[in-house]
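Input: one structure, supplied below.
Just so it is clear, A, B and C label the chains in written order, and each chain counts residues from 1 on its own.
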Amino acid sequence: MPRPAHCVPQRWTNKPVSGLIELLPTLLEGLRLTLQITVVAAALGLACAVVAGLAREFAPRPLNWLAATYVEVFRGTSALVQLFWFFFALPLMGINLGAFLTAVLVLGLNTGAYGAEVVRGAIGAVPRGQWEAAASLGYGRAGTLRRVIFPQAALAMVPPTGNLLIELLKNTALVSMITLSDLTFRAQMLRAETLRTVEIFLLVLLLYYLAARLITHGMGRLERHLARGRDHGGSLS
Amino acid sequence: MNFDWGYALETLPGLLSGLVITLQATVLGMLVALTLGLLLAVLRHAGGRWIGGAARHFIEFVRSTPLLIQLYFLFYVLPGLGVTLSPLVTGVLALGVHYAAYCAEVYRAGINSVPRGQWEAAASLGYPAGARWRRIILPQAIPPVIPALGNYLIAMFKDTPLLSAITVMEVLQVAKIAGAESFRYLEPLTLVGVMFLVLSLTASRLVRRLEARYGRQARPA
Amino acid sequence: MTSALEFTGVEKRYGELAVLDGFELSVPRGEKLAIIGPSGSGKSTVLRIAMALEGIQRGRVELLGETLWDGAKRPPEKTLRRLRLHAGMVFQHFNLFPHMSALENVCCAPVDVLGVPRAQAQARGRELLEQVGLADKADSAPEQLSGGQKQRVAIARALAMEPAVMLFDEVTSALDPEMVGEVLNVLRDLAARSDMTMLLVTHEMQFAGEIADRIVFMDGGRVVEQGPPEQLLSQPSEPRTQAFLRSVLQPGRQAPAQD
């Protein structure tokens, strides 16, 4: 059934609204890639963070140095420089990873380097008495870490990890500069096509903001979940 | 393909002049960040429900969105508003605003660590709000957070290569152009990496020294 | 002449908790008044309200005949600031400014707030430090001073503003016992030679009896009993005052029994 014609107001508001809706599919397509890169790089980053963090703290000398070098190099140089080096320089040495793998690898390693410091800090913050208590109960070093130290350190790791994930999400924008059509890349493309700079970039900023809020929200839930477990432990003892 | 030392040496002067631009952008950007960040922190603390709330949301929004987009936004939108700035100035502005949001949070921590009694003592001596901030609160709030601000200076330094996206001839842009001309990216990009590594490690060492100096702060008496 | 401070039907609450409830107090100019009472009785709150650090919900507070608080209405910041200049406060935890030397602590507010020339403020600051027995500590940082010295600097700092009313909020409570005496001596001296109005919230009963013209006993947010020290301390009429005095004058330590 045809709707009554509110022609005038509708036409008046129609243009910008349909304009935004026109832009959205392209941008959402880009957002999907942005999120994919974020998730994969985050997984890699977390793994690197735990391994390097523990290695710096507990591994014997050569391994320990290796971990320290990794952390210093990735924290000491710029993420964009790393990305360019892996994308432009590495292929000349015969290693060609392609844009997506390069992006995920570099952002993952970068996040992992910062994450290693988070892991180290959280483990260092567990009181010495916990190690001694575990040792007195006959736990070895690995057992102490797994059963006693890590569960306590995990809660302290959550807020800085949340910040790291947001930094990672923001850093994914850099992959637009190595030809990947993420959210930022699509925004640039649309801008060139339509010249509607303000709307496009505001929309893109909003999408990134919402993704970041999602991370904050998720980490908040995780933190409450872990803290709840701890309270139970406290009240039982 | 091997690292060609001769070629590396050839690109070095160009890279060093790019590095000068990088350092200029860092220093100027940090000046903007320190000033604007302080303003945001004070507004957030003293601005009441509306202004304080606006400052808080602004900080939150800027911190949660990519610097690159903010950079493009200023680069493409400002001219449309009749503001024409050089790419470098636009870049400095974007870096400054982005890191102002981080600095504001750092200042906030410092402000919150000043005990309530200090505010009350200042009030009891008749200090008006402005002088209370200037003479009593900020001189206590800022020194302990100088190391944290130093860390953001280093972080900003590492973000300046993004200015290459808006055609600023900073060090990464120089390296990329050199690489594109000769099809040899390895040498210039590696050199850029080493420059960043050396400078930021040195700066971190300095920040650690600052921490030693300001870490043990005079406790409120 | 109007009184220095006038509290009329003052009610002050934090959420559900009523700290002052129908509180009445009139302090003539020049009086040395000690306020005693159990913790949580609202003593310190009286001083904080007089210093305009906190507002009230109901009632009225006048400082030197001018309205400071009238019900829950908050006067403009400008008025608060002007009225604050009439009063000075010494805090339990000193609240010295840690980024300034002892002398700067004393002369900063005259310079910053009153616009006194720095040299003049410094000269006056040195006099005041001498008066509290700290002439040699002028250049020390607060963290280099003992608790008793800090509190004496804080007294000098408040005096430098030449307030008409001085408020002393449990100024010896945070001190180690051996330092209480030096601070009390300063106060004693001050009470004897100055015509300032002084309000002291204190747990030092003997000292209160010595220097006060009048003692007010507060409990549950109101004045329970008041009178000249001899009478209130030795022959209190209210049972609550009697109980309180018994508990402070003969706590469970090895002090000789009081009666």
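By our rule, a residue touches a chain if its C-beta (ideal position, glycine included) is under 8 Å from a C-beta of that chain, and two chains touch if they have at least 3 such contacts.
Values in this document were obtained by computation on a predicted structure and should not be read as measured data.
A.B. asks: Relative to chain C, which chain has the most distant C-alpha mean position?
C.D. replies: Relative to chain C, the chain with the farthest C-alpha centre is A.
A.B. asks: Of the chains shown, whose Cα centre falls closest to the middle of all protein Cα atoms?
C.D. replies: B
A.B. asks: What whole-Å value do you get for the distance between chain A and chain B if each is reduced to the mean of its CA atoms?
C.D. replies: Chain A and chain B have C-alpha centres separated by 21 Å.
A.B. asks: Can you give the whole-Å distance between the Cα centres of chain B and chain C?
C.D. replies: Taking the average C-alpha coordinate of chain B and of chain C, the gap between them is 46 Å.
A.B. asks: For chain A versus chain C, what separation do you get between their C-alpha means, in angstrom?
C.D. replies: 55
A.B. asks: Return the residues of chain B touching two or more other chains; collapse runs of consecutive numbers into ranges.
C.D. replies: In chain B, nothing touches at least two other chains.
A.B. asks: Contact residues on chain C for chain B in the complex?
C.D. replies: Within the complex, chain C touches chain B at residues 48, 51-53, 77, 81, 84-85, 87-89, 91, 93-99, 108-109, 112-114, 141-143, 145, 150, 157-158, 161.
A.B. asks: In the complex, go through chain B and note every residue touching chain C.
C.D. replies: Chain B reaches chain C through residues 115, 117-118, 120-121, 123-129, 131, 135-136, 139-140, 143, 218-221.
A.B. asks: If we count contacts the way the header does, which residues on chain A are in touch with chain B in the complex?
C.D. replies: Within the complex, chain A touches chain B at residues 72-73, 75-82, 84-85, 88-89, 92-94, 166, 169-174, 176-177, 184, 187-188, 191, 197-198, 201, 204-205, 208-209, 212-213, 216.
A.B. asks: Applying the document's contact rule, which stretches of chain B touch chain A when the two form their complex?
C.D. replies: Those in contact with chain A are residues 1, 61, 63-70, 72-73, 76-77, 80, 158-162, 164-165, 172, 175-176, 179, 184-186, 189-190, 192-193, 196-197, 200-201, 204.
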